[in-house]
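Chain lettering (A, B, C, D, E, F and G) follows the sequence in which the chains are written, and residue indices restart at 1 in each chain.
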Amino acid sequence: MSAEAERKTENLPEWKREEVADLVETIESYDSIGVVNIAGIPSRQLQAMRADLWPSTELRVSRNTLLVRALEEVDEGVEDLTEHIAGQVGLIGTNDNPFTLYKTLEASKTPAPINAGEVAPNDIVIPEGDTGVDPGPFVGELQQVGAQARIMEGSIKVTEDSTVLSTGEEVSDDLANVLSELGIEPKEVGLDLRAVFSEGVMFDPEDLDIDVDAYRDDVAAAAAGARNLSVNAVYPTAQTASTLLAKATGEAKSVGLQAAIESPDLADDLVAKADAQVRALAAQVDDPEALPEGLQD
Amino acid sequence: MEYVYAALILNETGEEINEDNITGVLEAAGVDVEESRVKALVAALEDVDIDEAVAEAAAVPAGGAAAGG
Amino acid sequence: MEYVYAALILNETGEEINEDNITGVLEAAGVDVEESRVKALVAALEDVDIDEAVAEAAAVPAGGAAAGG
Amino acid sequence: MEYVYAALILNETGEEINEDNITGVLEAAGVDVEESRVKALVAALEDVDIDEAVAEAAAVPAGGAAAGG
Amino acid sequence: MEYVYAALILNETGEEINEDNITGVLEAAGVDVEESRVKALVAALEDVDIDEAVAEAAAVPAGGAAAGG
Amino acid sequence: MEYVYAALILNETGEEINEDNITGVLEAAGVDVEESRVKALVAALEDVDIDEAVAEAAAVPAGGAAAGG
Amino acid sequence: MEYVYAALILNETGEEINEDNITGVLEAAGVDVEESRVKALVAALEDVDIDEAVAEAAAVPAGGAAAGG
């Protein structure tokens, strides 16, 4: 504990000192400590989330000043998380891999409606398709908020994906009504990870957002490369033995056909090859008189 | 490939595909005929239905591979 | 088709593809040779690169299309 | 790619693909292991059906696939 | 590839594909046989249906794709 | 295939692909290492440009290719 | 096809592809060798660049099909 942090703590009332001590214990008991944004999550939902995460992950909510004190008291690099303590946040502790933590939190997010006056956390899009709403004034409301809409085949259709609000803009009353009518829930509500300090390393959400498809591609590429090496270096494995056999057979066949080796195994192919050749040559002969009737065009 | 061509000429004309006939065709073309290849060819073709082999090959259009590529 | 095969044999052995040679090969195979067809074939092949035509065909497989599908 | 190869060895031997095991394999190969890469790999592979990805790789030749795509 | 060719010869003749037989074939060809490679091949082929693998190869034309290219 | 993966790790890290190193990597992965397979691998890779062999698409039997189509 | 494989083994080891050597390889594999086929094989291969023919086979198979997909 730094001398400065100790001095600050000494001036705190008893209950705050206990709370900080408790937070410090939490912070010290996990490999990874993160700061999560909990703004906009109703308390009942937050309780449910806390319960879902337990026991692999612990969520602590406290006054921001106390969170800052506790982080500073633990020091050892974790105090760098204090820059993320602002607004409604909580601390999250886990012994899970931070990448797994991020994934878990992202997966637990649920869609929610957005209210008039709220700021769009992302672009809001009304997707192309049949709205299921009968023809009426709603088509005008859609067009009013910027959606490409018209009446087709007895109902109101959105004719193309329409971005009706950009990230950071405020939701109008009209838009909120339209979204509600369509059942569009453009917000993702959940614990939003701002940063994680894990075993000496600070991770941003961008660092933790792994591209699973890219890893899958890497796995496939690695497997394909190993197969290639096994076959090309002729190191047979259970997985490549049949490929090597097929390759060897193909080689023998290629040699056999090129050399026109009179082998019973090749007789069919040699006859076919000769036939193909004679046809190819006949195709170059443009005098029908020179060809048998069957080949004249 | 000339040995195979010779056999196919005989096939078209309805002559028997035997060593003498193949040798005859090839010699007429100035080939220095190797008896062993003629023997091997006749043996190899013994169980082959040439017309069928040709028909199957014909079923694949010339340039069939190109279509695949 | 036997006329064309005869030309192919001559091409492989490096013999000249002329009327006499083709007729010779065909007769050895028991063909009742039509002089006009031989003439027409020789004339038609004059400007053809036989090796090239043959090489292209050789690449077309028996039953190869299956693999392409 | 060595991190992925390490995971594939563990996959074949039936050992768990976790941080300790991957680190162990890589260190045995003299790799100066980056912990965060191992962590990311383990987390990512949790959602990858490795056997399926490997089987797909086997069905399409590595080089050929590019041409097909 | 000579080790694989040797296995294929044995397969065609109906002889068992074991270490002794493969070694015998290779030595007859003057190969300085490496026991470990023979062992690895035999082990790899244990669960392989050789005739099937060969038949698959036969379906693919030798030199077929060249035309496509 | 784990033996090949082990060689590929060594290749990427620039360590020598010898019996000791391959065995070390495999044992770290909990493999019950067979000496002969290690020997065979080292022998097979001796004169091979590994990066090239990895990149070059290996032949796949026709059946496999169908999956690509 | 065993005669061709025998030739391919000799080709890889750099041994001469002659009747004695091919017969030796085949007999080691338990083949009841037909002299005329061996003779025919040696004659057929005389003017062929085996390595090239082998390489062409490798260039083909699956790759072509995959490209069709």
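Assorted remarks:
The criterion applied here is as follows: a contact is a pair of C-beta atoms (placed from the backbone, for glycine too) under 8 Å apart; a residue touches a chain by one contact, two chains touch by 3 or more.
Not measured: the values here are computed from a predicted model.
Think of each touching pair as a link: the shortest run of links from subunit E to subunit F has 1 of them.
Centroid distances built from C-alpha atoms place A farthest away from subunit B. Greatest Cα centroid separation from subunit G: this falls to A. Chain centres here are Cα means. That of subunit A falls 52 Å from that of subunit G.
Computed from the mean C-alpha positions, the centre of subunit C lies at a distance of 57 Å from the centre of subunit D. The mean-CA centres of subunit F and subunit G are about 27 angstrom from one another, to the nearest whole unit.
Contact with two or more other chains is made by residues 1, 5, 8, 56-64, 66-69 of subunit C.
Across the assembly, subunit A contributes residues 222-223, 225-228, 234-235, 237-240, 242-243, 246-254, 256-258, 260-263, 266, 268-269, 272-274, 276-280, 283 that each touch 2 or more other chains. Interface residues of subunit E facing subunit G in the complex, by the touch rule stated above, are 1-2, 5-6, 8-10, 12-13, 15, 21, 24-31, 57, 60-66, 68-69.
Of all residues in subunit G, only 35-41, 43-44, 64-65, 67-68 touch subunit B in the complex they form. Against subunit A, in their complex, subunit B makes its touches with residues 1, 3-5, 7-8, 37, 40-41, 43-48, 50, 53-54, 56-58, 62.
If you check the complex, the residues on subunit A that touch subunit D are 97-100, 102-103, 198-199, 201, 203, 207, 210-212, 215-216, 218-228, 239.
The residues of subunit A lying in touch with subunit E in their complex are 234-238, 240-254, 256-258, 269.
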